[in-house]
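Got a structure for you, questions after.
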Amino acid sequence: MSTSRLEAFSDGVIAVAITLLVLNIDVPHLSFGETLAHGLAQQWPVYAAYVTSFLTIGIIWINHHAMIGRLREADHAILFLNLLLLMSIAVLPFATKLMAAYLRENNGQHLAAAIYSGSFLVMAVFFSILNIHILLVKHAKLSEPLSEERRRQILARSISGVVPYAIATALALVSSYLTLAICAALAIFYAFPIASGGTEQAQL
Amino acid sequence: MSTSRLEAFSDGVIAVAITLLVLNIDVPHLSFGETLAHGLAQQWPVYAAYVTSFLTIGIIWINHHAMIGRLREADHAILFLNLLLLMSIAVLPFATKLMAAYLRENNGQHLAAAIYSGSFLVMAVFFSILNIHILLVKHAKLSEPLSEERRRQILARSISGVVPYAIATALALVSSYLTLAICAALAIFYAFPIASGGTEQAQL
Amino acid sequence: MSTSRLEAFSDGVIAVAITLLVLNIDVPHLSFGETLAHGLAQQWPVYAAYVTSFLTIGIIWINHHAMIGRLREADHAILFLNLLLLMSIAVLPFATKLMAAYLRENNGQHLAAAIYSGSFLVMAVFFSILNIHILLVKHAKLSEPLSEERRRQILARSISGVVPYAIATALALVSSYLTLAICAALAIFYAFPIASGGTEQAQL
Amino acid sequence: MSTSRLEAFSDGVIAVAITLLVLNIDVPHLSFGETLAHGLAQQWPVYAAYVTSFLTIGIIWINHHAMIGRLREADHAILFLNLLLLMSIAVLPFATKLMAAYLRENNGQHLAAAIYSGSFLVMAVFFSILNIHILLVKHAKLSEPLSEERRRQILARSISGVVPYAIATALALVSSYLTLAICAALAIFYAFPIASGGTEQAQL
């Protein structure tokens, strides 16, 4: 199968997942005497989780194309690993909603935060596995040959992207706010071209 | 009509359907004294049905492109049969939700399971009908000529993919858990490249 | 603007609208002693409206590509008329839900049915206006020159597709069931290749 | 990265966002003795906000392609700025729902209207920033060289598109109806080819 179909389908799933995030933002139902400004301000975790997830999915999309763009054609193993990666992305609207709903709850905030950054962790792991498969196992199918050193370099960066999400997930035991802050900081760090030094460096 | 437009539209519908599945996963409303861990664990049928449907739709997408990729151009009969196939895929978020909601209910579990695997059955049947139409009726429009033996081989595999879903649907009379387990096992069997022996063998 | 971008965006909107229809199908909440079979059977208007709308949107997609496929490039008027056509398609999930909810209600069934087939009528009118604009005003931009007779023929068929929806809308005053039956019959008539005599004849 | 992938992903997000708007239109639950006609008429702000947002997103899509169409290739800064623009579009279904829900409420109508046209304002600002970045900073990557005068002309029009949304947002302090009317008028003004003088003039 040509990679253009794989990219078109992946684009579709990622575009729908990133846009479905907006369904998590409800119009507030005000209690008696409450102003709309207060009602909207009260649900700030919803906006924080929305922006963090939107930017993170956007960055994974950029990296996904850099990864698939190196391929000349896709085989069944690549299609299957890509499907697992897409599933980890498609599930993010739920993880985002859970995070926003439980960020401030005494009961459940640690678990919700662990699931939230854990979802990003799983996404980063699937991304790395697919990248390892492409660069080490299927490197004969690359559209342009890459030196072993260059492939190792890309993989090192890809795998090192797993670490901060593992830390954020572990720190969910300490505070859900801390986990959300780390995820948001990572999204901004990877998104800003200056901080991350261009497309290549921004890869997970 | 060129098949590229047919593929683009089919990609779109399948990508939206597979991503809409996430709307079936609700954030649990905890009862007094219930932990979030318990609330989330309680809704395990939702996750099991989600993963099963996600992988199954992903596999039908892979097979859909192998099927349409053999065609040079599409006519009205192919467009119409493809539309029926897309309808059977687009309805899966509902069948998945029904399955998850009634898996453990004394009242309705058998019917819900029959509808769930019955939906996959209908999808496999429409897939086979479209494949038969392309390979037997419209084989003059194939992009590369296929020997009659090769065409029969592909069709045999396509039609044999109907059987396990028919069995899973019949076994819904015995147990909804059994039906879900068979559907999940089929998704994993078709998805794993080693078990199924490559893209070609993975076809329904 | 090249027509390929116009087609890609239109494909996207139509694919999302046709797939969102599934959100209209709810899992039934059973009352005490009610079986799931009864609960599901009770909501048959939901399924009837779903299948009718799905097939109708699928047919408009087929016709849309035949129409845009004749164009070499798009200008602002075409983009704007196409946007109105897409709006009339994007609103169909609501019209479908309204139809299903009020089909059997004494209070509102006539209006709901009039809005349902009225939505198809508006869609057919916008389709005809865009077709007239392309074939009469912008025929210098056609990818292949068409004789005036051929253009008139296509337009006559396009405009005659408006008539049955106008009749179905008028008959909503008599019975909502009748309106739904006509819309369903039209969807099946246009969809079946034998009845309609190929892609060309199937055009609204 | 080639701009075709950027356009495909942007098309996807914009197509999903514009189609998700329909989920804001609910089937009315009638109170005792209320007719469906009355129930539907009562929710006219929902329709007004729907049409305004649909046309506005449609126009931004047209302008987005004119903008990206001038580019030969995309770098990380363009991808990131485009992601911010897409986020401002993806959030519009929420802003539209908020506007419709609070248009007539004494409590909150001014804030809801300010957020509604403020969302369009943010979208227009991100659009202008991306346009400035492309035309001034990255003009070496344009697919066809543009004279400095022409570039200034395009930018002036792009930036001047920010002004009416700033005014509409400020006037939310006076009346939510006024703000909605201005946004609707802008959508119609930019959409009509005659009023706006062709694609080029229609740019925000």
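By letter and in written order, the chains are A, B, C and D; residue numbering begins at 1 in each of them.
Criterion: contacts are C-beta pairs under 8 Å (C-beta built on N, C-alpha and C of every residue); 3 or more make two chains touch, one makes a residue touch a chain.
Quick caveat, the model's predicted, so the values are computed rather than measured.
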{"item": "Self-contact between copies subunit C and subunit D, residue sets same or different by half", "value": "different"}
{"item": "Relative orientation of copies subunit A and subunit D, as a Cα rotation angle in degrees, nearest 5", "value": "90"}
{"item": "Intercentroid distance (Cα basis), subunit B paired with subunit A, Å", "value": "26"}
{"item": "Cα-centroid distance, subunit A relative to subunit C, in whole angstrom", "value": "37"}
{"item": "Subunit B, residues touching no fewer than two other chains", "value": "8, 12, 15-16, 20, 23"}
{"item": "Sites on subunit D touched by subunit C in the complex", "value": "7-8, 11-12, 14-16, 18-23, 25, 27, 30, 35-37, 39-40, 50-51, 54-55, 58, 61-62, 65-66, 69, 191-193, 196, 198-199, 202"}
{"item": "Residues of subunit D touching subunit A in the complex", "value": "1, 5, 8-9, 12-13, 15-17, 20, 23, 75-77, 79-80, 83, 86-87, 90-91, 93-94, 97-98, 101-102, 105, 107-108, 111-112, 115"}
